[in-house]
Amino acid sequence: MKAGKRNKTITASVNRSGTAKSAKRTPASAAVRAAPPDTATAGPDDKPVTALDLPQAPLSPAMAAYFAKCEEKLGFVPNVLTAYAFDMPKLEAFAAMYNDLMLAPSGLSKLEREMIAVAVSSVNQCYYCLVAHGAAVRQLSGDPKLGEQMVMNYRAARLSKRQRAMLDFATRLTAEPWTVEEEHREMLRKAGFSARDIWDIAAVAAFFNMSNRIASATDMRPNEIYHSQAR
Amino acid sequence: MKAGKRNKTITASVNRSGTAKSAKRTPASAAVRAAPPDTATAGPDDKPVTALDLPQAPLSPAMAAYFAKCEEKLGFVPNVLTAYAFDMPKLEAFAAMYNDLMLAPSGLSKLEREMIAVAVSSVNQCYYCLVAHGAAVRQLSGDPKLGEQMVMNYRAARLSKRQRAMLDFATRLTAEPWTVEEEHREMLRKAGFSARDIWDIAAVAAFFNMSNRIASATDMRPNEIYHSQAR
Amino acid sequence: MKAGKRNKTITASVNRSGTAKSAKRTPASAAVRAAPPDTATAGPDDKPVTALDLPQAPLSPAMAAYFAKCEEKLGFVPNVLTAYAFDMPKLEAFAAMYNDLMLAPSGLSKLEREMIAVAVSSVNQCYYCLVAHGAAVRQLSGDPKLGEQMVMNYRAARLSKRQRAMLDFATRLTAEPWTVEEEHREMLRKAGFSARDIWDIAAVAAFFNMSNRIASATDMRPNEIYHSQAR
Amino acid sequence: MKAGKRNKTITASVNRSGTAKSAKRTPASAAVRAAPPDTATAGPDDKPVTALDLPQAPLSPAMAAYFAKCEEKLGFVPNVLTAYAFDMPKLEAFAAMYNDLMLAPSGLSKLEREMIAVAVSSVNQCYYCLVAHGAAVRQLSGDPKLGEQMVMNYRAARLSKRQRAMLDFATRLTAEPWTVEEEHREMLRKAGFSARDIWDIAAVAAFFNMSNRIASATDMRPNEIYHSQAR
Amino acid sequence: MKAGKRNKTITASVNRSGTAKSAKRTPASAAVRAAPPDTATAGPDDKPVTALDLPQAPLSPAMAAYFAKCEEKLGFVPNVLTAYAFDMPKLEAFAAMYNDLMLAPSGLSKLEREMIAVAVSSVNQCYYCLVAHGAAVRQLSGDPKLGEQMVMNYRAARLSKRQRAMLDFATRLTAEPWTVEEEHREMLRKAGFSARDIWDIAAVAAFFNMSNRIASATDMRPNEIYHSQAR
Amino acid sequence: MKAGKRNKTITASVNRSGTAKSAKRTPASAAVRAAPPDTATAGPDDKPVTALDLPQAPLSPAMAAYFAKCEEKLGFVPNVLTAYAFDMPKLEAFAAMYNDLMLAPSGLSKLEREMIAVAVSSVNQCYYCLVAHGAAVRQLSGDPKLGEQMVMNYRAARLSKRQRAMLDFATRLTAEPWTVEEEHREMLRKAGFSARDIWDIAAVAAFFNMSNRIASATDMRPNEIYHSQAR
């Protein structure tokens, strides 16, 4: 697999103007806000990145290049990559699969793949993925409320029949995979999806069922910058 | 009941600077965004306010004053009020109960009551309430990510033991009310809550179990302005 | 809102002959009964009214009149009112909403509203509401077993299509509110319900989702007299 | 097995004075009741006994004697027996198991066995068993509200620790049998139950998990007389 | 009931060549296997038969003959019978019902009844019944993978419409008995089942809902020989 | 990533003597079996491999070598690899992640990883994974019934505290990932697992939550040979 080539496109899924956005809150506007809530910890919300004490390993050359590209294009390294960086084979396998699923050519648009990611993560109530991929839906769609709807209840979004069928399949596959049968595939076909598209819907939904659980198991924290992106 | 007096405080629960916030997105930043998603409808997301065709009734004097105050302080009338405005007794009863629960003196702070509102609405996946009260949590806390955490999974928030116990009780009462027993009240008492506080936690959680269902039954749409408030 | 006027009708929802009924068991018939069960407490089942120690506040004039009317017409004050009487604004808001929903003119008969109350309370397994409103169904219908069917499993009742559709909607809204969509409203329309009727079905179902949780959170005990009413 | 001998005791589980009770509602009291509900069928609620058209077979001598004894002692033949009477081996096997479980000597009182029956049937929302065995709890306990509590939510009953442990085990075994483990048996032992008692709790709970499903599968209707017994 | 006559057929449900099969694993093949897992106990997996210390009672003549027949035909006494043998009336009632349901003439083949047994036991995750009746499906069908499919997910089996309808009904009746209504019986009728067949489907499914819970409540262990039968 | 090197170890997870096993059933023993069941299709159970018509792509050199090694060591190519072979980047990413998780050095034995795989697949009722990895548990443990217990209900297995804690965590993470918190990680630590071990438990469980859904979404069929392996 040519990981270097895939690296070039990963930034498409995150907010290019994230750093600029993060400066938008002025001290003045902050001053009129109420006192901070009664929180148990005073530190930043995303440190440490996980609840597991796993020291970062030396980055392999491919991964060092990948992290550098993230810094250059996004302004930060997504915390899921930092979390995996204690072990290079695991990080490389994760990055390869992620980039293939979310960025490679597909009958599903990148936005559609991110919509699946968020709708699945909503079923699983995964804080990390809802934050990170909710931001991606907001940015790719240019429609901030669409990101919120994917997080909150995709049924509340006014979607095309195609996208509704896609999310119905993805969330059924998430919540009750043992009930998925030919009739559900047939509903996708009737909505215009090819066999390859059905694989891609299934594969993206399945991947986030994996990622959601890695994140929940380790209390993985999303980079704080995501919260303000593309609002 | 002196509804007029209670009206004075309702604006505390919404964003006073909402209109200013809504202008923050410049045409330039909008231009770089991707094309809008493949949505089924072209109109605004919050018109009509509900899926039920119920013409607004003439506002009673008390309600006319209430709506005017909303416009003055918030810059808009929350859509839930518009939805109820087909019948004055229903609107007045709803407003009276809402204002008492969310704004009257209590051992729970206004922020805590809004946190309960959002955590309950998350269990019920209520789009309207998550949007409107998620904005309230962001504003009252001055902590945008706290609002997101209440929406996504309150367990991911780094809360004090007091607030965690409060939300554990509220969400159990939402998801499995039949299992609530003395041991759960005792956990609240151990976290420092009085009998009156326990009533208030229960009453706010219960109220949003009602509101969530009114909103879901009618496809009630939140005012679009909420999405960008206090980010 | 003219609470005084609404008070006149509240008695329609409870058994006018309750006190007479409570005397029907003669000492003789009681004597042949088996020994009482191995219960943990010896006192009456509905004292105290809740598990929260909240002393009753002085009744406002409106609420004093309301309680007096309950005593006159029903022979007792429903315990839910006693439970709320620690705080007049809360009691008044609850009574106003309850009376509007259950007693004001509607396309739903009072019996139908009570049927919704019980079917919803069955999903939530709320002891207080099943007892109090089960009695109301028995009385309003003149059909004791209909009350039992609403408590036990509304699907076992031989209902008209209209009433079945009404209860299907109300219980779905109770158990899985996030799944309610246009198709479910359409089923109500096909069963002959107007937009206003749909609101009322939703509002009654939603209200009891609130009341059920107040009752479960506080271990609210129904007046013992309900058990023998309209059998 | 000597079925004849066991037959002598079955009547202990039903109301000996049922027929007298059924006459208690006078035409006068019926007259003041509201109109009957909007039901889909006009006939009695318990005809036919099931939704399956299975003609009754000639009763075997043992079963003829058993039915005669029911008529003599109870005033009626319980509909579950009528439902099974299309096939003598099935009726005899059912009656033998039922009578052994509910009437044979045990560390559990007959009332306790009926309490299990109703609490289990509540989890399964079985109309037939809730009606028939709810009546048995009312009669055996002399406490009408205890029957209601078993039907509605056994957690609302003020039970001894022994009986609470018994019902916690029985309902867990009903709702999530795959989670029952040594710790749950140990809780019964700590509540004073012997190995034989644990078997009996399990066996009664298991039996009603069977009966509930036979009844639900066939829409079995309880004899109407149960509704008014021991109120 | 003529229990003796029924005894003659029980062996049809278990593997006649079980003992021969159990010898198939040669010392050579065992030698290449990995070390045994890190198990908590060193003894055989099916001793004791249950977690309840209930000494076996003297077998009644009928049951002594029954056990002898099991030994002769199967080579062993199924552990469920041993578990019940602490009390002759219970053992006899269980055996009578079991043999009638699983072996008496029916519109359902013996294989179909065993398929229901396993599909139901899969919903309830009952180790004992999945092992014992999974072996029966393998043997009666001559198709080892059919047994596995019934254990794992019956929807994965390529079944006739008749058998699929049968299992859909049986598993719905198991998981959500309160939802079974006329429409579900009608689906069975359309698949060719008679009223008597519907009873039999329901009765077998219901019986295993009972047996599953007896087994789970007591940690009943299947005879080890089942694992290797009919593979 | 050096895929070639990892390929060398993959065969450890499947049965080396599979082909020999598949020949064990003689025509004679098959002859005494009952007639085949009333199945809807006459063909082999694992053709086609999935319900999606996705033609196999030319194998990349690395994948060609990998498939050849499977043939050599296992006697067949696992169907999951065939299913992914329509697209080389997807196949390579899957193989890389699978081999790292299941075969790379870890504080978890290979058997423990397979036990997690099966216990997770049991929650998700995934036919493909239960068959393929159930066989792996049987082979790696030399204990056929352990494989069955992982498939049927891992709580029925007599496990060490370490392995029980491991599976409790993995199945909670599967069924209710949103509830996993520090207390659950702490239970693993108390059972002796390191931070790295916790990651591995989570990662294997998460991976099978992905694979289960790919398989269910596509009706992926396991190679028939698995059924008879290591019995």
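Should a chain be cited, it is by its letter among A, B, C, D, E and F, assigned in written order, with residues numbered from 1 in that chain.
One rule holds for everything that comes next: contacts are C-beta pairs under 8 Å (C-beta built on N, C-alpha and C of every residue); 3 or more make two chains touch, one makes a residue touch a chain.
On a predicted model such as this, the values are computed, not experimentally measured, just so you know.
Student: Touching both chain A and chain D: give me those chains, sorted by label.
Tutor: B, C, E, F
Student: Write down the chain pair in D-F, A-F or B-F that repeats the interface of D-E; the criterion is over half of the contact pairs matching by residue number.
Tutor: The pair repeating the interface of D-E is A-F.
Student: I want to confirm something about chain E and chain F. Since they are copies of the same sequence, is their interface symmetric in residue numbering (over half shared, so same) or not (under half, so different)?
Tutor: Mostly the same residues.
Student: Which angle of rotation, from 0 to 180°, maps the CA atoms of chain B onto the equivalent atoms of chain F, to the nearest 5?
Tutor: Resulting rotation angle: about 120 degrees.
Student: Approximately how many whole Å separate the CA-defined centres of chain C and chain F?
Tutor: 53
Student: List the centre-to-centre spacing of chain C and chain D in whole Å, with centres computed as mean CA coordinates.
Tutor: Centre-to-centre distance between chain C and chain D: 27 Å.
Student: So what's the Cα centroid distance for chain C and chain E, whole Å?
Tutor: It comes to 46 Å between the two C-alpha centres.
Student: Note the residues in chain E that touch 2 or more other chains, in rising order.
Tutor: 125-126, 153, 178, 181, 219
Student: Chain pairs in touch?
Tutor: A-B, A-C, A-E, A-F, B-C, B-D, B-F, C-D, C-E, D-E, D-F, E-F
Student: Going by the contact rule at the top, pick out the chain F residues touching chain E in the complex.
Tutor: Interface residues on the chain F side: 16-17, 24, 29-30, 32-41, 45, 111, 115, 122, 125-127, 130-131, 139-146, 148-149, 151-153, 156-163, 219, 224, 227-228, 230-231.
Student: Which residues of chain D touch chain F in the complex?
Tutor: Residue positions touching the partner: 178-179, 181.
Student: Over in the complex, which chain F residues touch chain A? Could you list them?
Tutor: The touching residues are 1, 51-54, 86, 89-90, 92-94, 96-97, 100, 104, 124-126, 169, 173-174, 177-178, 180-182, 185, 195-196, 198-199, 201-203, 205-207, 209-214, 216-219.
Student: For chain F, which residues are in contact with chain D within the complex?
Tutor: Touch list, chain F to chain D: 153, 155.
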